[in-house]
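You will see two complexes here that share subunit A, one where it goes with subunit B and one where it goes with subunit C.
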Partner chain A sequence: MNAVTDQLAPPILEVEDLRTHFFTRDGVVRAVNGVSFSLRPGETLGIVGESGCGKSVTALSILRLIPRDLGRVVGGSIRFEGRELTGLDEQEMRGLRGHRISMIFQEPMTSLNPVLTIGLQIAENVQRHLGLSKKAAWDRAVEMLSLVKIADPHRRVHEYPHQLSGGMRQRVMIAMALSCDPQILIADEPTTALDVTIQAQILDLMLELKEKLGTAIIMITHDLGVVAETCQQVIVMYAGRKVEEAPVEELFDRPMHPYTRGLMAAVPRLDGRLEGGVRPRLQEIPGIVPSLTAPLPGCPFEPRCAFSTEQCARHMPPLERRGAAHDAACFEVDRVLEKSLV
Partner chain B sequence: MSEPVKLEVTDLVKHFPVRAGLLQRQVGAVRAVDGVSFKLRRGETLGVVGESGCGKSTVGRTVMKLLEPSAGRIVLGKADITSLGRQAMWPHRRNIQMVFQDPFSSLNPRMSAGDIVGEPIRNFGLAKGSEREQQVAALFDRVGLRPEAMRKYPHEFSGGQRQRLGIAKALAVNPEVIVADEPVSALDVSVQAQVLNLMIDLQEELRLAYLFISHDLAVMRHISHRIAVMYLGRIVELAPKEALFEQPLHPYTEALLSAAPVPNPRIKKQRIILQGDVPSPSKPPSGCHFHTRCPYAIARCKTEDPKLREIRPGHFAACIRREPGETQPALAPAQH
Partner chain C sequence: MSAYILRRLLATFPVMAVVAIFVFVLLRLAPGDPAALIAGDDATAADIANIRTRLGLDLPIWHQFVIWIGGILQGDLGVSIFSNLPVTRLIAQRLEPTLMLALATLIVAVSLAVPLGVLAAWKAKSLVDRIVMGFSVMGFAVPVFLAGYVLIYIFAIQLRWLPVQGYKPLADGFWASIQSLVLPAIALGTAYMALIARITRASMLEVLSQDYIRTANSKGLATERVLLLHALKNAAVPIVTIIGIGIALLISGVVITETVFNIPGLGRLTVDAVLKRDYPIVQGLILVFAMTKVFINLMVDISYAFLDPRIRY
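Let's look at the complex of A and B:
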């Protein structure tokens, strides 16, 4: 495990029964439907799931970045360092965003201003939050660029986002996000748009900076490989709910929820043996994700699940402790565990 | 006994002119594809893998004749299609079809799914009326779509179903070669598995030849028989997949394989982190295009163009530090 993570320290972020709904013409979309978790200082927490599972909306809800005319947090609590965020006004939230909690996105161009130099954008952020002088803020920008290993930071600081490659823009985003020494960095698919060799550079950089600065990370991704390589604790989400949570090695050794198992069996593997020319069938998860506007009475995964029973169709399985630090929301965990992993 | 060659590409070049100034004079060229050769046999999947800008999609579009090749030769079946115009190419299109990354943008939103799949059959005059309808129904069944789906419109389908529809449309004219450009990249993993399984089943049943273009190494490793690795417009390594994954010979392949995250937290890989970004294909480095980022580069790599040579039987690599017949597993890092 990680030296920086203090298992005994109180969590810096506690999310409880978070519910975020979107109000559309087709009805209420329950994008996040009762999600709870906590994050400890210096920890990397992965949130994994497929499109529409609510992983990104969870992150946006924490920072209150859900567009108001589309949806809002309708229930639950978000406590950061013991302070309730759901009741804060916009002014107070602005003081937190980009300062104590910051976020990076899949596409850096959505958060970089194309008509300002990258130096100015970083300097502006530290001026506003830390109250540094113009000169000190500019120095900080150069320092941050060199921290994220941008070669020749004194020159690059004067450049505009379009002059940089995709990988460099992502570095600039990270530099900006970390410029005020945040307690939490939320990374939403930070490497999904990048090529694999650049992805390796960025993940490497994030982990190195985390060690150096002690920032806790919430890593939102659809990629089990990224989870395995970067996270300590993992949450699996399906249809707006948390269906499983465990420390990373435990999750990969003993996945308990049929959906988690399905995900693991569905990805083509880079490890494992190749038998001369044979292409083993990938395990499919039949069907598609359920509609979030008309939630099922039972388990949302029931229609696609190989272990489903009548009970599963009628009742929502509660999230329960099933092993050391291992929670799963499934009535049939015992039967699932009897079946060996492929 | 080897299967007949269905697609043969020799020294394929595709340059895009770079124009500038008031008169839009050509000031340079992006060498998207810079001398690529391969053979694709019946029933075989040749994977083309590489990062953005390596030219893999341009290879696909050029062999489809959606782009005109700048030089080289493309032979489809027995016909040389390199310089065929639109009209002359038409009859050959029956033999080569394409499956796209985003099926939605390649499906006409105003046509029913049944008409979309039946359109190529009509265009080529292969069947009419109820016979055509029967063929379409058989195609729907073959790709795992319900017959009722024939009356639906593209927006009523999920991503995975749209890709099934795209595959049905490609199969409608009984092609021998399918060019699939990132066909599963936009899909969630659970659905991706469905589409990959379907493509493998269809290949085995119909003996299709796939030119499968993807950036995803795990997908490549799953579906391909042989894999070509591209970097800045050139194939740097071409080998049966077992050999490529177990003993990559080109330093770029080695770095690419080591960079891909593996979904197993107990494996701590020795990563080769490449420095810097891929250079621009409008100004590729001299000599070996990879020498600027290669941990093994020596002085000669800057000046000498490496040729793709057969180092081991069936295993080709374009690296001057490899010699045909050698068995040395790893290269020694360059002394700096």
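Let's look at the complex of A and C:
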């Protein structure tokens, strides 16, 4: 959380009014419905929100990894180093994936190919993008494994995923994602599926590597604890929209959106271990999440909001600047701020 | 790995023993007296008794079994009741056409069906997929003999591109031999191909929705690499299994195909031997087919270990 970020440098990633829809039998699912944000070199940007709010879809949209027959980006712009990605052809996108922008996923147990060695899975990325020889690529794989602190990398490189624990697999994923020195690492809940103690180790590792390599990170999580530890800037998503954005201290000091407050109240206590040591998902705000297929005319949070007024049900609150570098989409920000945090 | 292979290999011995006992008992229990059959209609009781002694049919059954097994272990499958020729030699003479037919069918079917299945899965729900699957449904429904006659009519009789019937041995030249196999291999292989294409598609479809395929795509790998390495290797176990099972089905198809195309192979030998109740030949053939099946299973089992590192039992 400090000065690595160059606040003056132009953003390397600018997402504007991103809309990603799925076309299902039951209608169009507006999974991401007008999300904008930007990322500066070396910055860590957090994306938080409940399950199903569109975090993963936002990430997958950037890399265009959503299967075309299911859904696609229907609007908005994604600019990487000034270059518009939505207009690139598939070949050009493949040149970026794993090379300039890479991604690690929520499910370490299933994200590695079970029938290929981890060495091959790292080396192929390097070979593909950096044009190294097979030998050099494997050397790089060993180097990456030791960078992510996997003991005995020369032996491990020949192992298969099933021979590794969940935490080790996530380390392998990190090694793979960082193997070509990307500008941006998108980490989609990299620790959610892991044991609490392992979670901390993986986060520490990511922070350390980030300092070392200067990679900008988009940290997707539903865990505000993770956000506090790792991010400089945070966006809060609800039902496919960005409802609040602020620098991390500002957000924790003055959360403006009732939903953000709900998330903070729902943060499990540190000793709040559940079965299997996995932290609970954020679903503790009572009320019904609106349908993404047939959106309401008003504020999507209205059915669950303690601050709602008549206006909220009829009109969509616009996202507006409400403080220094602090945006929120709520009509009742002033009332929310009056009520002190518990 | 080698321990695994050895264990699989050892596991085939009891299976073969059971097959041997089964084959022996089955034919002894079959109705009809072979000695009387050979002797013909106007034989005396003494003639029949003579023949019975010569064939060892008068010995106690366990003794017959011991003699029979002893012979098998030395590669002696006995002597044909009718032609008096060693069964081993009769089978060896007929082996080449059948082996060539089976091999040609296998190669054609697998090398077409697997890519088609992969393509269909990759382009799921597209026109290509529909065509491949439509073909697969049809191919599975058409009986071998019908496919055979239709192929002969079109390509041999009307177009005159290929021979109508018969088999040219390898000794007559490789290409001549292959030409004589094209139509029978397609006739025999159509249903097999349909089956493999279908399983390949289903298996690939399932694999393509897995997280690790998304990971492979997130590395910007070429589509061919994602499909043929990352996906196909994972999809391979059911495909190899069905290829193995399909070979067993081929064995029964071979009999019909050889009849339709007039190929002098093991299939024809089987039909003739069964009709004449030439026990030693039937026994020998069943044994050969069973051994083939066991061998194929062994190969399939071993290939699992190469395809999926998690398999070790």
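One rule holds in what follows: the second predicted complex is superposed on the first by the 323 of 342 C-alpha atoms of A that agree within 3 Å, B and C clash if a C-alpha of one lies under 4 Å from a C-alpha of the other, contacts with A are read in each partner's own complex, and residues count from 1 in each chain.
The rule is short, and it goes like this: contacts are C-beta pairs under 8 Å (C-beta built on N, C-alpha and C of every residue); 3 or more make two chains touch, one makes a residue touch a chain.
Computed from a predicted model, the values in this text were never measured in an experiment.
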Between subunit B and subunit C, more extensive residue contact with subunit A: B
Which of subunit B and subunit C A:105 touches, first, second, both or neither: second
Contacts of A:326 with subunit B and subunit C, given as first, second, both or neither: neither
Touched partner set for A:168, first subunit B, second subunit C, both or neither: first
First, second, both or neither for A:264, with subunit B first and subunit C second: first
First (subunit B), second (subunit C), both or neither touched by A:195: first
Partner chain(s) touched by A:69 [first = subunit B, second = subunit C, both, neither]: second
Contacts of A:226 with subunit B and subunit C, given as first, second, both or neither: first
Where subunit A meets both subunit C and subunit B, residue numbers: none
Touching residues on subunit B, where the partner in the complex is subunit A: 51-52, 158, 160, 188-194, 196-197, 200, 215, 217-219, 221-223, 225, 241-242, 245-246, 255-267, 271, 273-274, 277-278
Partner subunit C, residues of subunit A touching it in the complex: 63, 65, 69, 93-99, 102-103, 105, 107, 110-116, 121, 124-125, 128-129, 160, 162, 173, 176
Complex interface listing, subunit A residues touching subunit B: 50-51, 165-168, 195-201, 203-204, 222-229, 248-249, 252, 262-264, 266-271, 274, 276-277, 279, 281-286, 288
Complex contact set, residues of subunit C against subunit A: 124-125, 210-212, 214-222, 225, 229-230, 233-234, 307-310
